[in-house]
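Two complexes, one shared chain (subunit A), two partners (subunit B, subunit C).
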Partner chain A sequence: MMRILGVLALLTALYAGLVGTYLDNAPAHEPASKTQERIQGNLVDVANIQGRYGVIALGAALVIITGGIDLSIGAVVGCSAVLFGVLMQSGIHPFVAVPLVVLCGAVVGLGNGLLITQLKLQPFLVTLCGMFVYRGAARLLAGTVSRSQTIEMQPDFSSALQSVRYFLVGKNIKGELEFPAEFILLLVLAGVVGFFLHRTAYGRYWYAIGHNELAAKYAGVNVSRQRVAVYVICSALSALAGVLLFLDMPSIQSDSGGQYLELYAILGAVLGGCSLRGGEGTAVGMVLGAMVLPVLENLVSIRGLKSDVIPAVIGLTLLVGTIVDEFIRRRSRLNR
Partner chain B sequence: MGLGRAPMTPRLRANGIDKRFPGVVALSGVTLTLHPAEVLAIVGENGAGKSTLMKILAGVYQPDAGSVELDGHPVRFDGPREATRAGVVLIHQELNLAENLTVTDNLFLGREPTTGGGLRVLNRREMAARATGLLAEVGLPASRASVRVETLPPGEKQLVEIARALGTAVRVLIMDEPTSSLTQKETERLYAVIDRLKAGGVSVLYISHRLAEVVQCADRVTVLRDGKNAGELEKRSITHDNMVRLMVGRDLTQFYPKIHRPGVGGAAVLTLDQIRYRGGPDAPLTLDVRAGEILGMAGLVGAGRTELSEAVFGVRPLVSGELRLDGLPIRVSRPSDAIAAGVVLVPEDRRLHGLVAPESVGFNLSLPNLDRLGSLFGVRRRKESDLHRYWIDRLRIKTPSAAQPVGLLSGGNQQKVVYGKWLARDPRVLILDEPTRGVDVGAKAEIYALIDELAGRGLAVWMITSDMEELLGMSDRVVVMHEGQVAGELSRDRLNEEAVMRLATGGEEP
Partner chain C sequence: MSRWVRVALVAVVAAGLASLPACGNNNSGKIKIAVVTNCTDPFWDLCEAGAKKAAQENDVELLFRQPERMAAEVQKPVIDAWVSQGVSGIAVSVIDPKGQTEDLTLVAKKVPLVTMDNDAPDSGRICYVGVDNKEAGRAVGRLVKKILPNGGTIALFIGSTTSANGQARPAGVLEELATPEANGTRAKHPLRPELEGKYYGKYFLVDGESKTDDGLKERAVTNARDMLNRVDGVPDLCFVGLYAYNPPAILEAVRARSLVGKVKIVGFDENPETLKSITSGDIEGTVVQDPYNYGYKSVEILAAEVKGDRSKRLKGSAAYQVITKDGGPEQDINGLRIKFPKAVDYERTVRDQLKSVGK
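Up next is the complex of A and B:
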């Protein structure tokens, strides 16, 4: 509870900073309604990115709750985006390609999970290796993919692709963002994840495994199966995020698409209350945690800071946030 | 008093110690005196404040009120480091050795002799020489010095801890449950070392639940109850009964509630037929657990009792042989198979295998029962809270609520939660591995009454225990294990301590 309040406070501060900066930067003679419109538009842009980051943060968080880690998220996002493009270019209808890509993601997760549970390899190493493998696989598939190129090759898909784009990322035919579809998608997925996590036996098993794998095993939990399941979910969500990335971006480069996203996902999960030691985290927290980074990025950029310093600012802010959070956590533990 | 102790300055003295933790008064007005070259045992139920007192004496905690004197001078240790420097060393319940380092590295951890200079280059030669000496003092061969600690048996680890303490010019050695994980032989060795330390002028303060050992080894006993002094016993009045009376504040009549059921040993419920398991002995093992009986399983630590139970429970894979339930073969390749068949295990190490300690009492009670509480729409909250309420009442688990983290309960109540989570499944066979380890006297009596009642209702109970009193007091039939095999079986009328020990140590059946 305290952790959620902490991340809420952080978000409030960031949003206040964002709006304040907009008001400061507003041209002197701009009417208030126009400024408000611009702010709203910007917040919707940000929300869309929050949605995409949130989708992968949910997956990362489930893995982290069971005491694991997935470093391959970013590579799976990139590879899935490329795969999505390549599939459609080779004539597979977008409505089929979306589930197919998600399925491929699930297979990747299955591989990670089996390596970790059956060969008893360390999650960090398995997914670190996976990160390179999927990045390489993306390059084998294609150098870059883009919507315009896809439509050029398969003109029939134009309208199907546009409707997928509209419903998943909220952009109309002119490329304008009409509504934060990715954020809505996040809320729906978070609802599903939250249901599993907090209302079903599976969630109990995941928490139990994260806190004490042996006790879970001795209580009759099929630990391997549950572990595999969370890796499958995580990679499937990453693949879905890859689809979103493809639909949202003008083009995807196979060597950089989705870069660092695993770290963003892990950060989102941790800010949202997951402990890297496992066993902790809530669905609401995950959504809030994932919302932090896009606001921060946006704030840094509209403050006019050079884009080169963005990572450093993000890193430092998050470090401060983590420190504050740890203090809050210790306090709340003492007061119990 | 006749020994002329009165004028002697006590080595260590604690006056009116108070210690509060959030929500609990751990100690209130506790006084303790430890003379030079004396072995003082602290006994009391779990939660009596013994460990807290030890930690205060060793500087781990600061008292809220009261004072500690060392050789007549008031001292205040800000942390165990300072206490160690003053010659007061605590050896924790859980050993604090770096398992991955060698014995020598551990002996000098944190105070390595160096060749001088800022680089702190280790003086390997001096370490080796001193290590040999320290190991000799605790009766370990010099060859152990270069061995990694993780390869040592628990008894030797304990001795390494003591050797480490000796290296700090220890004057007060405090030990929390030093023998809880030791075999008989290791325990004897430890007491020989304690005798030698005493002869060398070291004062020893130790906590033990094994009262028989206290009778044998302590010069004096201080009893704590509910965070207060409950009494002292001088050497000649240290008896099992006296200690128990002070610990519980009442005479324990009917400690073992055993109702001698006539005609115990109904049909075999669980049969182990010629089984061999991975990591076990080559020869197969056969055993029956019968309805309505408590089958006691004795043996020294390392006799393979826990391993056998783990094989039956599906933790260790079976290599050959067959398990039968009510005469029908069952396949058990993981715990969930055993549980589905109605075979459940209360494991030896509660915090490692029995409970998810940071989670709540309710979470733990539900964990193996979620298949019965759930539906397509998730876990049924109402059914779940009914289950929590029922078992908390039924087993009289002392907890503020089902939401309390189970790790914060006392050992006895934690153990009751483990029983509760299994009994909620209405099992056929209850495997108990050290059913009352780390459980205080009061809760023990309740658990014994429960086990007896369950057996009375036809449950097959297989009780592995290293506690001789428990074995003799509770079992209808005893199987003694030696080196992974059944060394012999004793019916209730032939059951006595000598017979058990003879079989357990590889002797012939009487």
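Up next is the complex of A and C:
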């Protein structure tokens, strides 16, 4: 519980700042209902991005709980987005392409997991190499992919692609954002992950491996199989995030789509209470942790900060959040 | 795993790597001309199409490379490797004019160097192939004036404001809009006093600066979206996207807010999405640099230079083009012959050019 108090405090402060900025800035003649409508519209926008970050944060968090790390997330997201476009352009129906892309992601995770467990390679190195490989694979697949280009080449897929887009991203045929579908997807996935993590033996295996791999092994846990499983889940979720990215963005460039997302995912997981040493973390924390960065980015741009100061402000805010978090945790430990 | 298996694995990988260069290196004995861009982008695919055409016409072998990131440290090894391999001429899209001048001077001493798209005037290059970004920015400013003749609120979006074109384009736009009385005058928005900004003529620039996204397309969309939230309800809005991906990113955000048509969009470069949206009326217009011509001219100049022919060198800047839905007649503007093609026609030209490089 204590582990999520800090991130909860940070989020509350950010949301309060966001709403406060809107209320402060509301034109004098504007009715309150209109201001509220604008605030809601903005929060829905932000929630959609939080959803996408959250999906990859869940995967990153599971890997981190078992004491591993996955640096290939961003590249897998980019590669999957490109693959999704290329598959559809080559005539594969969107309804088939989505699971196919997620399956490809799972295969990537299987590869990572086997290299790490069977060849006993460092997760950092395997996934760092993976980062280059999958980025390269994306560039080999195509330069740029986009929805409009796909529909142009496969006009029959137009309505199917549109319904996939509506249900996964929440944008209607005109591109209007109707509801934060990506956030809802995150909540569903977090529910599933939470169930496995907190209510089944798998979760206990994962925590045990993160705490003390050797002890878990002697206790009879098939450590290799469990570690492979979390890498598979992580990469499959990244692939799903690639599909979301494709559906949400006007176009995806193979060299930069999804760039830096692995860092955002790890940030979300760690802010949400996962320890990089392994063995700690909760599903609720993962969701909360992933929500921080999008709302922070939104807040600094809504306030009209100079572009040049934005990165420093974001970094410092996160740092202060971490310090507060640590402070709360220490006090709670003293009181125990 | 036994030691021998590991050794064998390493050996296999090493053998695989050793056989790699054999795939990409077919020595034709022709003169080699190299072109190095600043990053990977569909823009450079068009340039490659032009370069390829010129290479065929001049019977030279073309080496064309789009580095993965827009960073001088990524570009330099590519240039050095090719120069040391003995290319007869090289064209470079300079990323950091000041920082790279020293290295490029060394290159220019060894082989003829053409700078394209972005110049490094003190590098000893034989000439520069590219539009004057400030002039092109002024053309964007003229589009804004045409769309909002009575003034209005504008926002600028761009990848970075540190590169030369990232400085020149916004500067050109604002110079065109400014009047002697109002040239960057600080003010609060008349309808929304919480919005600070600057007046350039009758146009209020929100925040008084361009909003940057560091080349991240995802952030380009969120920047536009955040701006839409801030200026919600303000009439006579025009969003200007100054890097190729910015206009589609703005349109994406405008669509998500159901504001298509209410918020005017003016762009830069020939992103296929931008051209299509101009035809459909969702984007008002764009100013293009004709990258096909960059590639064509650069290779033509270098091929001639190898033969001792200096007549192909360009004097002055290349002409930009202004694309709108309905197009217009050619005009002479500031000493350049400017074309005003229709978006539909220009889109077809671009598609044909891309086809020639298999994209």
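What to note about this one:
Methods note: the second predicted complex is superposed on the first by the 331 of 336 C-alpha atoms of A that agree within 3 Å, B and C clash if a C-alpha of one lies under 4 Å from a C-alpha of the other, contacts with A are read in each partner's own complex, and residues count from 1 in each chain.
Criterion: contacts are C-beta pairs under 8 Å (C-beta built on N, C-alpha and C of every residue); 3 or more make two chains touch, one makes a residue touch a chain.
Keep in mind that this is a model prediction, so the values were computed, not measured.
In the three-chain model built by superposing on subunit A, subunit B fits alongside subunit C with no clash.
Note on subunit A: of its two partners subunit C and subunit B, the one contacting more of its residues is C.
Of the two partner chains, neither subunit B nor subunit C is touched by A:Gln40. In the superposed model, A:Ala208 lies in contact with subunit B only, and not with subunit C. Of the two partner chains placed by the overlay, only subunit B lies in contact with A:Gly279; subunit C stays clear of it. Residue contacts after overlaying the shared chain place A:Ser90 against neither subunit B nor subunit C.
By the touch criterion stated above, A:Gln122 is placed in contact with neither subunit B nor subunit C. Look at A:Ala216: by the touch rule set out above, it reaches subunit B but stays clear of subunit C.
Angle at subunit A (Cα centre) between the Cα centres of subunit B and subunit C in the superposed arrangement: 130°, in steps of 10.
This overlay, made by fitting chain A, leaves subunit B and subunit C with a least C-alpha separation of 12 Å.
Across the two superposed structures, the residue set of subunit A contacted by subunit B and also by subunit C is empty. On subunit A, the positions that touch subunit B within their shared complex are 195, 199-201, 204-205, 207-208, 211-212, 214-222, 279, 334-336.
Only residues 22, 313, 315, 334-336, 338-340, 345, 347, 352-359, 363, 366-368, 370-371, 373-374, 377-379, 421 of subunit B touch subunit A when the two sit together in their complex.
Within the complex formed with subunit C, the subunit A residues making contact are 24-25, 27, 30, 34, 38, 41-42, 45, 49, 119-120, 135, 139, 143-144, 146, 148-149, 171, 174-177, 245, 249-257, 259-260, 297-298, 301-302, 304, 306-307.
Interface residues of subunit C, counted against subunit A in their complex, comprise 1, 39-42, 45, 68-69, 161, 191-196, 206-207, 209-212, 215-219, 221-223, 225-227, 229-230, 232-233, 245, 248-249, 251-252, 255-258, 260, 271-273, 276, 359.
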